[in-house]
Amino acid sequence: MTNVGIIGGTGYTGSELSRILCTHPDVTLTALTSRQNAGKKVTDVHTFLKGYSDISFIENISDAKDLDFVFVATPHGVAMNEVPALMDAGIKVVDLSGDYRLHDVSAYEKWYGHKHTDLENLSKAVYGLPELFRDKIKGADIVANPGCYATSAILACAPLMKSGVVDEDVIIDAKSGTSGAGMVPSPRLHHPTCGESIIPYSIGTHRHIPEIEMAVDMFSISHSKVTFVPHLIPIIRGILSSCYFTLKEDLDNAEIEQIYEKQYSKEFFVHYVKEPSIRAVVGSNHAHVGSQVIGNKVVAFGVLDNLVKGASGQAVQCMNLMLGLKEIAGINQPGLGV
Amino acid sequence: MTNVGIIGGTGYTGSELSRILCTHPDVTLTALTSRQNAGKKVTDVHTFLKGYSDISFIENISDAKDLDFVFVATPHGVAMNEVPALMDAGIKVVDLSGDYRLHDVSAYEKWYGHKHTDLENLSKAVYGLPELFRDKIKGADIVANPGCYATSAILACAPLMKSGVVDEDVIIDAKSGTSGAGMVPSPRLHHPTCGESIIPYSIGTHRHIPEIEMAVDMFSISHSKVTFVPHLIPIIRGILSSCYFTLKEDLDNAEIEQIYEKQYSKEFFVHYVKEPSIRAVVGSNHAHVGSQVIGNKVVAFGVLDNLVKGASGQAVQCMNLMLGLKEIAGINQPGLGV
Amino acid sequence: MTNVGIIGGTGYTGSELSRILCTHPDVTLTALTSRQNAGKKVTDVHTFLKGYSDISFIENISDAKDLDFVFVATPHGVAMNEVPALMDAGIKVVDLSGDYRLHDVSAYEKWYGHKHTDLENLSKAVYGLPELFRDKIKGADIVANPGCYATSAILACAPLMKSGVVDEDVIIDAKSGTSGAGMVPSPRLHHPTCGESIIPYSIGTHRHIPEIEMAVDMFSISHSKVTFVPHLIPIIRGILSSCYFTLKEDLDNAEIEQIYEKQYSKEFFVHYVKEPSIRAVVGSNHAHVGSQVIGNKVVAFGVLDNLVKGASGQAVQCMNLMLGLKEIAGINQPGLGV
Amino acid sequence: MTNVGIIGGTGYTGSELSRILCTHPDVTLTALTSRQNAGKKVTDVHTFLKGYSDISFIENISDAKDLDFVFVATPHGVAMNEVPALMDAGIKVVDLSGDYRLHDVSAYEKWYGHKHTDLENLSKAVYGLPELFRDKIKGADIVANPGCYATSAILACAPLMKSGVVDEDVIIDAKSGTSGAGMVPSPRLHHPTCGESIIPYSIGTHRHIPEIEMAVDMFSISHSKVTFVPHLIPIIRGILSSCYFTLKEDLDNAEIEQIYEKQYSKEFFVHYVKEPSIRAVVGSNHAHVGSQVIGNKVVAFGVLDNLVKGASGQAVQCMNLMLGLKEIAGINQPGLGV
């Protein structure tokens, strides 16, 4: 058994990691940190884990012994303070914050508004989207887990970009459930504000923009241009990204489907379907992509559960690859369906 | 025209008052206080009022001139600091907090946890439920506007209590939309927490308990006993209170309906219906009551929009009575229906 | 008083019309038709109207006497069977279906799949969007009330198109509440299907496409191209249309705002705001528009209540203009805000 | 491996069974029936099963070979036509309908409105609530799976009834998500009707009443009386039953907790917690119970996911017991938490 720890065990992604790991067949969750809950039994805070864990929260990850692997589920800016010691100790890491996603340091500093203090590990970090970068992840010591919006958008966009059939210019109109914003109460996430509404926000300023641009650029011939507008919708889990491209040639739906099937037909977690559905993937690490040609445009959809394939499930998928485990171990569950 | 002011113009009940008053045919909203927004145009904060108001928030109600009537829409404990000066100035008041609802000072201090500092006006305050205390309200200088849970429960319970056909012992299982909890973000009101759940809370400790007991007692022969359990449900506006009584005699549905019709058939805002519906009253000052006999029990339902009949609409109804205006002026709107 | 009738009084738009008209100061709702409810009191079906109406449903509008004005709130294909007799009788009409919206008969027959049988009145029909076609509506005997998606999109798009600062090519990613789909239960509108999801549908086949194209064309120099993708979101009332344009020149947010203010600053119901909000307009005839420049693109938002400004409220606004009444009569209410 | 079939593979309980069984370590799902989908691949209808199943729907269960176990997930009245042949063939059965729940045939015929045609197997059927009837289930050939409301109520009520500390008279105010009503669209389940409301229904007529009474009676000294009022709430999965009892003696919260812990402390799926939470159990076979003393009353809460512990998960739990498998096999997953 591999001993695994989580830094930041009370936030939504840390909590979701503990949910997944507690039934993982090949690893044992032996440490969760939480400043405010240190000393408390994990099941007293996360009652959904009753029967699955008997450990207590610790204050610092350095209080844990014999860890083989650590997930960093802290806010950005904090992760880069935690990672160096882990790496020095030979512990492999998946970071779920934004700290190791952008290879371009200046982009990081511009979008996040502070210096990056761990350039060494930043240069080693692999972008953890297994369906597109599986081989690199297998050999990595540190993986930067993609953001939830970014994952949904990139899964939908990458095959079209790679195939060269669309213009470089893409409009991404994304809709996210509220858990994507984290567990800290705020006016926008207050139920009376968002419970019967749809709220566009962070237009032109959302930190997933450079991440999507970076990922999309890896697949495009010249520099692509991303127009990204996120909207908050009144569901808890789930993202739908609607991505609009202009076709360079006259293609029909069957031809577009071919492009996606070529990319994903052998994937366990990503499925091209006629009608992508949040309910079909919610609670699971599966994602749906779909598309529809409209004149000389094509709209591509990427759908996933933001806490699983958009965060903690994908992080476990990366861990599995990094540790040489079965890729689907611990995340081999279908979506809820209803 | 009567000049009206609101103390506490940014909270949900203050905001709702401004929504109602801005189209009231007989009064003019001339002052809204807000510490954090003082100086800002009201429509810059409440964009839904665009076209309906051109005033700006003021810091203190004493900055306003020529007020004839004031609504106090502050948290409890604050209202009793504002009311004396208003009363001294000969301004009539409706207080929407809990400060003037409980005639028993010791009950107030027990449930609210602090001293009451305005016993003089407390003794004058009339409980503002027009369908049950209309005449007293007409002559009042200060009215304590009932709480939202209390209004829904009392409208359903009072006719049965008064008729003497039920035991004094009542169980009230109440369900409220999230706007009832106010505009301050909190973990329970965070969308990912409450958006797909129902959450019982404040069991045995909710401050509407003594208020319901007091009101119910006014109608019962001996002291009644109220078991009140509030639940938060994922809707924004609306309350349904399900009130369970034991019948003292063998009555059928038609006989129970008679009891309600005797009480409410001439009321404009309270309707006995077979299937009480939140959607039928939401956005309006109307309330539905309904009932069903089950063996020797009867369940009575009280349904209303917590921000209108459960707060600001009822407050305006009281103001109309206090000022000798048409009781339905400014609140003469049907519910949304859909 | 003007006597007004509604053909189709049980569907959502007919029901909403009755809600609005029952407090209209200048007209009296004297007739509602409903095949299934003929003979029943209106308030037995629409309990939200208790206290506001004492009429009963009739089977056919020809059973009503002395009507001065009729709203046709039937499905498309039915309306064109009702309108000729009304027009022949000198009764002015607002049709809320799609039957009289498309001036191009061949477009109608292509998108709706059946012949148009009332070409005479089709040629007279005016497209009922008062903020853009007020003068024509004033003189009209028959008005085709715009669709809800179309209204939200056109209000956002028209000022930019007219100003000539954007390319003719627009992508409209629209999100609608469920009441927009009408009152007939269906698998997609079943709560377990749509209650925690967002569902794109009718891509490339939705009947508002030719309507939006037609309206947008009126304002553009050459033929514009509309890519329209509607999504169903789990709210009851409300539409947000996010409309993406490419800027032809380098404009900033303030310059775009100028364009909108020039168009709408004097309008009572349409407001340019920084953060358009469904909650601010829900339950009212008001609409919000907003915009944000993102590089060489601009996203424009149109927000409204699909049953009011997107249907019945706008229909009443048109009626007011056609009858020479005050334009805001009966619809002079702010949005709910919360 | 044990071969398992499902009769009624498209409804919500059949669909949920397929979701659970597809990752069950000890059984193989080899047959799903569906009249409307016969011949189609299961994954074309249930897209959430992509990667988990390659079988196609069959029309009749008799078309399947070598079945060892069958779940009957049909409407009541249909199940009793299917069960005899299965039992004759030596196939063990869990029936998820109401056909085999009521031991009293006359009660069945009164509440369901038709004759029971399989009295032989009815007399053999064991009520499948493992935490209360585990030993009987282990030896059964046919198990009647409890209803969702009944399971939530009985788990909360049974310990108090058994302990003798409460009166026999219980009021159950239950709130259910919409998936409990099944997949057939109806006016009440139409999103615009139920999406922002709470709707009491089937008062005094709901078919879970005799079932709850029967189960509760098993634990009470004299005949108990159940007042059951179900309410529909706008969530998809989840039930909260609030059960009100009068205490016969003066007990405090700690003493009540003792009673529950005595019953459930060794259970894997049922947990006594201070704040029962739908989110903590949703998506899992776990249930929460909680309680609070209020004067001489006690309110007990039962919380579960109606499709898992309230239906298909519990059915699999019963199957595991009947087949001598590990009781938690295939359902060993924590709730979603968020």
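Worth a mention:
Labels A, B, C and D are assigned to the chains in the order they are written; within every chain, residues are numbered from 1.
Here, a contact is a pair of C-beta atoms (placed from the backbone, for glycine too) under 8 Å apart; a residue touches a chain by one contact, two chains touch by 3 or more.
Given the structure is predicted, the values throughout are model-derived calculations rather than measurements.
Looking at A-B alongside A-D, one finds more C-beta pairs in contact between the chains of A-D. The most distant chain from subunit C is D, comparing centres defined as mean Cα coordinates. One inter-chain figure worth recording: subunit A and subunit D are separated by 35 Å, centre to centre, where each centre is the mean of the chain's CA atoms.
Taking the mean of the C-alpha atoms as each chain's centre, subunit A and subunit C sit 40 Å apart. Computed from the mean C-alpha positions, the centre of subunit A lies at a distance of 45 Å from the centre of subunit B.
Multi-chain contact residues of subunit A (touching two or more other chains): 12, 179, 183, 192, 196, 234-237, 277, 279, 338. Residues 171, 173, 175, 192-193, 196-200, 203-204, 225, 227-229, 231, 233-238, 240, 242, 244, 276-279, 282, 292-295, 297, 299, 301, 338 of subunit A touch subunit C in their complex.
By the touch criterion stated above, subunit C contacts subunit B in their complex at residues 12, 15-16, 19, 22-23, 46-52, 179, 183, 196, 236-237, 268-269, 271, 273, 275, 277, 279-281, 283-284, 286, 288, 307, 332-338.
Across the complex, subunit C meets subunit D through its residues 12, 177-179, 183, 185-187, 189-192, 194-196, 234-236.
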